[in-house]
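I've put the structures underneath this note.
Note that chain A is present in both complexes that follow, paired respectively with chain B and with chain C.
Now for the complex of A and B:
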């Protein structure tokens, strides 16, 4: 099918929705976006079940984009579709003014175009361009409600993003110099015959660091907690659910798999960075009192798992990384939806000011327990399977110590998430929360939907494994 | 005919169950059932005597059948047990006080008889062990029925016996592995290393049941805490019979022991040590029942010593002593019961001059005490002489210890009799009367047997004891009956007179009968050991408890340490690191930029080093 439409339709929509007749019709644009995300999910399923019908770019010479799609792309496209849909559901309650809502949907379309472009391209410079589109769109999204704190957070994000961009662009320039063009295959070939060893190392290092900044790997993560916690609720869901991960992690996976190959040195680097990120992220989460900040540090820690899995340098590790990518999108989006719900009802993000909310918001409490358990890797939820795959991949590739770190860190994960649950939803009801009621129907619907996906992906793990995960092993480029 | 074999188990067991259902409002009914059941049991035992049959019913499978066998030895033991059961039942009809859970007591009493019969008749090791363990349960129940606080003693008895029973269980497993069968009458193991281990384990079970050192320490406690009838019946008579019976079975039939083996010598050592240490403790007791309890331990030593000699005279002496001891020891406890019932106490400090008030009790006591002290012509004299003869053949030291034990035995009974029955009557016992007839009859019968087995010792030896040796696979020289050994008898008499002289010496010195042994109690070195023994320093159970407590304390500390590790240390360390993380994130983007650049430098350096 026409996968290039996933880039073209959002771009086209941005243009059409901003034509004068539609300029103030926030409802129209909102439902357009909702339909688009659903269509994207449907398209991915269609492609997965009908692989022979995939036509990536029907416009050939008309549009000189170098596009391709494989099993890695499908997992990421699916995550983008689901997270986009949830983001829109949440946005309904948090983007107050009509004009703002319209702007929000437009920028979201732009971001979706950028994200889909990143996933589908097979040229490193094109990838960079889409990356910048998505990044620029997300800066705008953070400040869409024009709050001072959000502005400050966005500024830090931009500063570090610029650093990342500089690194990536320098790296691409070096690759262009060495390989003569910027297509993945050419650069990969250059690794075999080039005599510019140091330049290649420099280019690789720069690109990896750029991706690390985008992904929020320790010690490149400084911008992340603030950006996540100060953004409006739907933006946080979007950022944490998909943006950072596509910009940073997907790029990293794609470049390592298609360009660098799994060189031992790069594997060791990824393993080390992953282990440090997991541990420090979890420790950071333990000390926080802000609901969204805890989740932000938790995101850092979970991203470490993906990097660690990638670092095992095996086909299983690659699949595990992608599966955890998907699972993390779902359960982290779910947790941020829960945080949005409690913030909307209690007007605070401080967990010390909450307590005993489970009596008042049972659906929110229940779904967040599911998300926490999935994050900590408790069977039979989806998070368990991806962590299990990660640990198996690490042991199988001869890194038992890193496997141990992964297992022990899930204890920390459980510690901070359960303490979060206890402080927010269980224990005695905080007097300030006596009037609290359950969140709005849309939020509850979003939360239940995500919880169902988490449970479903865990219970029907064999189906997920055979349909989405195992095909990834075939394209492993070890 | 064969079905008769089951009746000695079924009849007491069923009547025990029935008694349990009889409410305590109807003591007459309880006592009637008990007396009838024990009488029936006695009749059955007499009927089975001289029979030699076996029968087997399928039971668990795997070679474990409900196999019973009666032959001379087991029939004889059952007969003895039934006699005691019947006598105690008669005695109890007046002794049981009010407010006593009599239905439980009689029920346990009858079930004890049933299980003892079962253990003696069983021809399958596991079946025997089944009954043996069942005895432990009723033992616990009977002790716990005693005065307040008896529960602790019951626990002590239970733990000691349970541990030794566990040894026995392992021994049974080894024996069945070695011989390939559980059937006792088919087991005849040649000497081997594993066989020796099995023998030791089984012997531990047997001598612990008999109450030998070092498994004795619950008996003196139980003498005070448990009901008196229990003490007169179970530790004094029944368990001696059962334990020594089993010891004789394993050393005579089941294992082929060479006469001078290490195992036999160990048995003799245990026997001699038990004789001497227990009697030393008995000597200084100031309570009628407790003094008797230590003697109950001490006398086991003679039996074990006798069987351990592996000399015909010694073995026959040991077995004869087993019967004699059961007779006079239960008789002595019954006199204690009479005294307790009539005066309300067994504390020797308070008693005195009862001989004139309770003349029949006093006469019975005199006969039994003379027997236990080995005064001719009472039964104890003859069995002791035989044991001496056997011991002398194996080593002078064993004989010397056994003879010393006799000296102290005589001395302590002189003291006991003098303090309780002679001297002046304390004012408060001026109106004490003789015990009721139903209590006197059993005592009198027992006293009669003391005399009868003494005067007609050749009858007892030839009809009861010697056939055991014939049936056992014992190939030593035939035993020709008791012959008076002039030298040994002379020594015994000298010892008895020495004991008498010692008593008068002590009595003169202190002026009180109760203090007649104080010069030994307070002798320079002995007084130290006595003091420590009274503080239970040498009680294996208390030593074990101390060790367990120390281990528990240690384990508790380890547990605290682990707790501390999880609840304090890990939390503190984690808190430190997460706090540090929090402090490092100042929100200053310059810092974050700096970190990123450091990271970049690190990545480049790492890659250029390793690529």
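Now for the complex of A and C:
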């Protein structure tokens, strides 16, 4: 199939949608983007079931794009497609002005091209170029409604992103210096034959630190709660659902698996950073009263699980990391859709000012509980299976202590998410919320869709395991 | 040699403009021009891959990020700009001396690397390099320029409305 179209279609769509006949037609842009995200989801399923039909580069010698796709790519491309689709559904209600909606869709298209480029490239410099595209598009999306706090959050995001970029670029320069070019395979080979051990360690360390900043791993997480909480609702769904994960976590997974290899020093760093991130993220979430900030800290904690799984340095750990990546995309997007719905209806994000909303917003409450239980790893939801895989991978690789941290932090996750549910949706109805009604149909549809995916991926786990997860183990680089 | 010297002088002039201009936006543009001139120099000095990377990063990506960041800041008044420039000259008076003396010192040091490094085997024609070897970077450049354009459109719209 034509995987390069996942980069080229968004680019040409933006160009065509901004030509005079279609200019400012927000509806046309919106439906084009919606169709593109659905086509991306369909394309991933087609590729997974028909691997022999994958044609990465359909243009032959006319335009030779150095792209490649494997089982890891498919999981991430699927997450991008689903989160993009949900973001557009949410944007319909939160980006009101016509011209703004058109601009939003255009920048979202560019961000999707950037994210797809990150996933499909096999060159570390091109990876950097697409990282910048996705990051720059994210800055613009954060300030789309031009609110003062959002401008401040975007500025912080830019500053930290530039720091990450500098580290990654320095690392790439060192790799170019040692390996002679920037292709994954060449750098991988340099790890085997090169005598420049110090430079390789320095370059790897710089790149991993850059990826940690982009992912919001502790201690580089400072920008994340603010960026998530001050962005407009659809942008938060997009950032939390896929952007930070692709920019930071996917990059980390890809580089460790395809370039650095699972070296003991790298595994230990990932294990330690993962355990600290899980714990501090969960503790941070316990101390918040703002709905979005609780979810932002929860995101930090869940990112820790993915890093921890990767640190186990096994094929099962790699698969678990990818499966939790997908699950986290879905249940965190769902929780942010619900937070957007409650904020729109109650006009507040302070959970103390809510309470008893279950009677007024039953669908939002129900889907929110499903997402929380999946995040906490309660069976049979999808989050349970990915966390179980993480714990098994840690124990099997000889890290029972880290497995214990993962289990205990899961209890902590259950505590803060159930506390959040109780304060927002259950108990006695807050007097200020007496006039509240259920969220608009589109938001409920988005929430129900994500809840169905969470339940479906858990209940039909054998299918998910055979179709998406086991093929990942085959490409484990060791 | 003459072309290289002209490019070097042009590089210095634009770099000086980048440092001395009062407008941050012009500084960012000057930096992009510095990178473009440096790219030409790198091509002429037979480092095409480094030149393409310089073109992609410093003439393409970084200025867009700079311009985006600058649009998010509150511009200084003329009085504040003058004050800032005076302070800058007082604070960093030693920088030109460090740069000039470093140049002189490095001229006399034999900078030979003892490390065996693989050379980048790429075609020297810029068209082949950009279109046949690194077309994805070229697409990336177009994408980032579009994002920059939308960023400025969105953020400057607010400034216009405020005015």
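Convention: the second predicted complex is superposed on the first by the 476 of 478 C-alpha atoms of A that agree within 3 Å, B and C clash if a C-alpha of one lies under 4 Å from a C-alpha of the other, contacts with A are read in each partner's own complex, and residues count from 1 in each chain.
Rule of thumb we're sticking to: a residue touches a chain if its C-beta (ideal position, glycine included) is under 8 Å from a C-beta of that chain, and two chains touch if they have at least 3 such contacts.
Just so you know, these numbers come straight off a predicted model, no measurement behind them.
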Q: Based on the superposed arrangement, let me know which partner A:264 touches: chain B (first), chain C (second), both, or neither?
A: first
Q) Of the partners chain B and chain C, which touch A:8 in the superposed model: first, second, both, neither? A) second
Q. If you stack the two complexes on chain A, which partner ends up touching A:143: first (chain B), second (chain C), both, or neither?
A. second
(Q) Taking the superposition on A as described, I'd like to know which of chain B and chain C A:202 touches: first, second, both or neither. (A) first
Q.
Which partner chains sit in contact with A:70 here, chain B, chain C, both or neither? Use first/second/both/neither.
A. neither
Q: Using the touch definition from the top, say if A:101 reaches chain B (first), chain C (second), both or neither.
A: neither
Q) Once the shared chain is lined up, is A:155 touching chain B (first), chain C (second), both, or neither of them? A) both
Q: For A:230, select first, second, both or neither according to whether it touches chain B, chain C, the two together, or no partner.
A: neither
Q: State whether chain B or chain C is in contact with more residues of chain A in the superposed arrangement.
A: C
Q) If you lay the two complexes on top of each other, which residues of chain A touch chain B in one and chain C in the other? A) 155, 159
Q: Please name which positions on chain A make contact with chain C in the complex.
A: 7-8, 11, 14-15, 63-67, 100, 103, 106-107, 110, 113-114, 117, 121, 123, 125-126, 128-130, 132-133, 136-137, 139-140, 143-144, 146, 151, 154-155, 158-159, 161-162, 165, 169, 176-181, 196
Q. Considering the complex alone, what residue numbers of chain C touch chain A?
A. 49-50, 53, 56-57, 61, 64-65, 68-69, 72-73, 115, 117-122, 132, 134-137, 139-144, 146-148, 150-151, 153-155, 157-158
Q | chain B to chain A touching residues, read off their complex | A | 574-575, 577-579, 581-582, 585, 587, 589, 591-593, 595-600, 603-604, 606-608, 610-611
Q: Would you pull the chain A residues touching chain B in the complex into a rising list?
A: 155-156, 159-160, 163, 167, 197-198, 200-202, 204-206, 208-209, 212-213, 219-220, 222-223, 225-226, 263-266, 268-269, 280, 283-288, 412, 415
